[in-house]
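Next, two complexes with chain A in common: one pairs it with chain B, the other with chain C.
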Partner chain A sequence: MSHATHTEASSSKRSERSQSASLTYAVFLLTGLALLVVAPLFFYPIFLMKLLCFALFACAFNLLLGYTGLLSFGHATFFGGAAYFTAHAVKEWGLTPELGVLLGVAGAAALGLIMGFVAIRRQGIYFAMITLALSQMFFFFCLQAEFTRGEDGIQQVPRGHLFGFIDLSVATNMYYFVLAVFLIGMVIIWRFINSPFGMILKSIRENEARATSLGYSVARYKLGAFVMSAALAGLAGGVKSLVFQFATLTDVTWQMSGEVILMTLLGGIGTLIGPIFGAGLVVTLQNYLATSDFPVTIITGVVFMACVLLFRRGLIGEFYASRLGRRLGFEHRH
Partner chain B sequence: MLSARGLTKRFGSFAAVKDVDLDVHHARVHALIGPNGAGKTTVFNLLTKFLQPSAGSINLLGTDITRTAPDKVARMGLVRSFQISAVFPHLTVLDNVRVALQRPNNLSTQFWLPMSSLDRLNDRAEELLVSVGLHNERNAVAADLSYGRKRVLEIATTLALDPKVLLLDEPMAGMGQEDIGTVSGIIKDVAKERAVLMVEHNLSVVANICHHVTVLQRGEILAEGDYATVSQDPRVRTAYMGTEDD
Partner chain C sequence: MTMIFGIPVQAFLGQLLIGLINGSFYALLSLGLAVIFGLLRVINFAHGAQYMLGAFVAFLLLQYFAVSYWLALILAPIIVGLLGAAIERTMLSRLYKLDPLYGLLFTFGLALTIEGTFRYLYGAAGQPYSVPAALAGGTNLGFMFLPNYRGWVVVISLVACIGTWLLIEKTKLGSYLRAATENPVLVQAFGVNVPMLLTLTYALGAALAAFAGVLAAPIYQVSPLMGTNLIIVVFAVVVVGGMGSIMGAIITGYMLGIAEGLTKVFYPEASNIVIFVIMAIVLLIRPAGLFGRDV
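For the complex of A and B:
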């Protein structure tokens, strides 16, 4: 009996907490939005757009690592692949930017379906190895294929007119287009996690054998999450090719797959906004160190080691678990 | 309802289960007992297809399921519990049951709907929790429950699927006396409309609620029959139950 009252008490405390959490979330969310809207007044728009693209990429990756428990080592395929598809469609076929991006997303989802189908039945390191191998094959394909122009990449991609009338060569217009895409991507991720499907994903992560014994075909749900993650990574990649007007081999290399893992870990696995901060940190470091003589990979390497040794939950994960974070009503979700 | 013929599982040269025949009937509680390492859990894993048998066949409700995938078998109405308590630890008690209800209600693949779309499962979920006496703890996180209560929750989740055949792997292990009484009652109730096969070490429970007993030893069937017959069998007494009299 005392046990029942104990659990009841702790659950009512929890619901109180979640109420104050949703309030703080709302405050943070609005502040964040306001900052993003005025940001181009203070920062170089290209830098901001790059940041948003990588933030969305990292969040898409986190959908798989943080919310499904699968470590993919081949996400550059979807990011860089979509960049090629979008760039080609816009430049060679003269599609409008929004159609070009959608085509990139569709292409990334298709690649995700293939890669996921092959890899999904393997676990842990084997899953990572298969995704790595397949993405290396895709890299080789991009190196050799005609339409990617090999080492040169697809250059001078026109940004075109959004819906046929908004001129995206104007930096401000482009920025708000990228911001809108980023926010749409975040809403999709949020809804995906907090949906009936997301509930099953969570239960699979909690206890896979039990989910199977309840009649869920675990591999199919994982594949669904994999394809969704690939499609969103493609969304980020497609937009990035419009921002830089350039689709390049760099975006399909294994280093790019590694970078997104780094961003996600730095920001905090399994937190919705953590990867945004992780991506922000990495992109900022790269940007400011690009002009110095000091090699940027060493810095990011040191930051990564510090993260693994000192704050394993990542920036946002640690913040949620800290006293301040808990007082604000956040709770680190596993 | 569920029958197995010549069920065999070899791990390398070691046969964990050898030539086992089993028949589980509607509205009966069938117990599988035997000393540690006798192969009881392996038999469970074979029947529910978590393991693929090396030889023999399994038939569920007239369909051969020897080569069927485990999730498919579950959807056909054969649902199991696990020896180590199998709940979703970070979900609430209510959510644990709702996850089980999602699939039969076709609410498991919608990634575009809000979480609140699951609220229409609440009535049925609460009903199940009332039936096993977990109603007061419905908002507690499953990990906070005592061991015995977790097992009770697991049974509620299993019942949410309205299975035709229920396989319970040591449902009473680690339970307090009070919970054992409750769970025995639940199992008896459940078995009125279903077939139940359970692995159990607590012999007084077996004597109380089981209609039929199969004794396994070193992967083979040693004896079969109702509890009174089996418990009088001298081979069984020496192999397993002898210790009870000491």
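For the complex of A and C:
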């Protein structure tokens, strides 16, 4: 990734390029924001909120896969686990929505700490298999635990009043709450990957042995990234339980873990905004197919294989690497 | 009635038998995974789907061609093995140069596609497949009643495991295989067709899974979902055993199956998760797995 020769000319060209990239970024960012703000005028709010929740979930997942190089096959645990925690706290304990979501995040982070502590002992595909097994264990726990209500799930979760006075049962209020959470989550992710911590994570992704030899405690950084990713996935899951007003077993299944991998892969592993597009596509597809009897699983599987075989950089990654993307000043780093 | 640890002997032995049966399937499947991983460096997520395919091929052969169980036990692995070879040749082989994670993701997609298709065609409910006449009924062993078919499954899967082990450890083909695992470039330089060896290995792994599937058909029902939940447990088995050794995979498979069966006797609530708990403990104490060399 790093090119050894840094001549004057190439570095000035690079800064020019990154300047044009940041300009393009700013334009895209503002357009995107404007679209998100006016979107409820054109689309069904629940659909949009679902999309935002999954987009945040996928971005949280990408924090781990794209920026640390760890493939977790168990992220449904954090997403679905937080959904249960939030739903339980809001419904049974009468917490306000923001506290309920925070509790969900804390719970997801705690689960992430436990799972991460066990899983980072192995690397690569072993890591993936271990996270998958541990999350299946959590699934069985949720199936049998009292508070999750087994097959029924926690239903009729009240949305409540945000900070005690904003009524979230009004769809518009709820939408802007979800949008705010999504944006906060994205800013956290963006800050995180551009922090010194994030840089060290990238160095671990590129060459773990070298990072170790430079004196970094690789295990601790990996665990930190894992907990961070789990907490953000929990943020998405907690909010989702308020949007749909229920938390069920669906969100803790391995299929859900697979879905978030697909979203990230489809959008572009290691790109900041790729997973948003991946999530958008997958959610739209599911919505579209929900009315037909054709099973989503087949399409999901075929798209998975096609992504891996044909465009591993994902949609956004391919765009960055394309001629147009490069002319706009993007650089694909992967 | 005799008791062991406050549990009637009959119940104890019954669960032990179920554990042994499950262990046979774990052993057969984790063996296939280890064989494929050893050479291809691919974790075959589609292993569960191939197991399911084996059962379905047997079921369909019986349904449409009245093929007996015994013939299906040979035909189904061949069919699924050929299918595996075709997939390896056309698609999987393109991924060897990449990060092994892509192989896992590809086979995951493959598993979803196969399962989705069968669920679409046959629904999620199970289809019955009857025990072959020669193995119907049971034998009274004096201390317990053993259904003949279950005894047969334990014996034949042990034979299949040991056969595979012998094939890999004691034959010339196996020595090529092991050599190619160590250094594929060198082995190719000696004139061995390594790409062919890779295809054969994947086909062998898929065939083993299908063989297990046919064995399972009369015990569990033939259903599109029979493979996936099983494969996750088998992953845990593989993590416990470590994928370095074939024998390790076999022994771990049986051990964990029995551990699961015994948990059902003493603490049924935990029987679903006991293998995962064992996996976590093993990882904390011995991260490379019981028989593993570190990868």
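FYI, the second predicted complex is superposed on the first by the 328 of 334 C-alpha atoms of A that agree within 3 Å, B and C clash if a C-alpha of one lies under 4 Å from a C-alpha of the other, contacts with A are read in each partner's own complex, and residues count from 1 in each chain.
The rule is simple: a contact is a pair of C-beta atoms (placed from the backbone, for glycine too) under 8 Å apart; a residue touches a chain by one contact, two chains touch by 3 or more.
Only a predicted model underlies this, so the values are computations on that prediction, with no experimental measurement involved.
Asker: Now for A:L309: first (chain B), second (chain C), both, or neither, which partner does it touch?
Answerer: second
Asker: When the two structures are overlaid on chain A, which partner does A:T297 contact: first (chain B), second (chain C), both, or neither?
Answerer: second
Asker: May I ask you to decide whether A:L183 touches chain B, chain C, both, or neither, giving the answer as first, second, both or neither?
Answerer: In the superposition, A:L183 touches no partner, neither chain B nor chain C.
Asker: Of the two partner chains, chain B (first) and chain C (second), which one does A:L95 touch, if any: first, second, both, or neither?
Answerer: Neither partner.
Asker: Should A:A106 be classified as contacting the first partner (chain B), the second (chain C), both, or neither?
Answerer: Once the two structures are laid over each other on A, A:A106 reaches no partner at all.
Asker: So, A:I200: does it touch chain B (first), chain C (second), both, or neither?
Answerer: first
Asker: Do chain B and chain C land on any of the same chain A residues, and which?
Answerer: In chain A, no position sits in both the chain B and chain C interfaces.
Asker: Would you pull the chain B residues touching chain A in the complex into a rising list?
Answerer: Interface residues on the chain B side: 48, 50, 69-72, 74-75, 79-82, 86-92, 95, 98-100, 102-103, 107-115, 117-118, 136-137, 139-141, 144-146, 149, 157, 161.
Asker: Can you tell me which positions in chain A touch chain B when the two form their complex?
Answerer: Per the touch definition, chain A meets chain B at residues 3-4, 6-8, 10-12, 14-15, 191-192, 194-200, 202-203, 206-207, 209-218, 221, 224, 228, 333-334.
Asker: Which stretch or stretches of chain A touch chain C in the complex?
Answerer: Against chain C, chain A makes touches at 71, 118-119, 121-126, 128-130, 132-134, 136-137, 140-141, 143-144, 254, 258, 261, 265, 294-305, 307-309, 312.
Asker: Under the definition above, what is the set of chain C residues touching chain A in their complex?
Answerer: That would be residues 43, 91, 94-95, 98, 100-102, 104-106, 108-117, 119-120, 228-229, 232-233, 235-236, 238-239, 269, 272-273, 275-277, 279-280, 283-284, 287, 295 of chain C.
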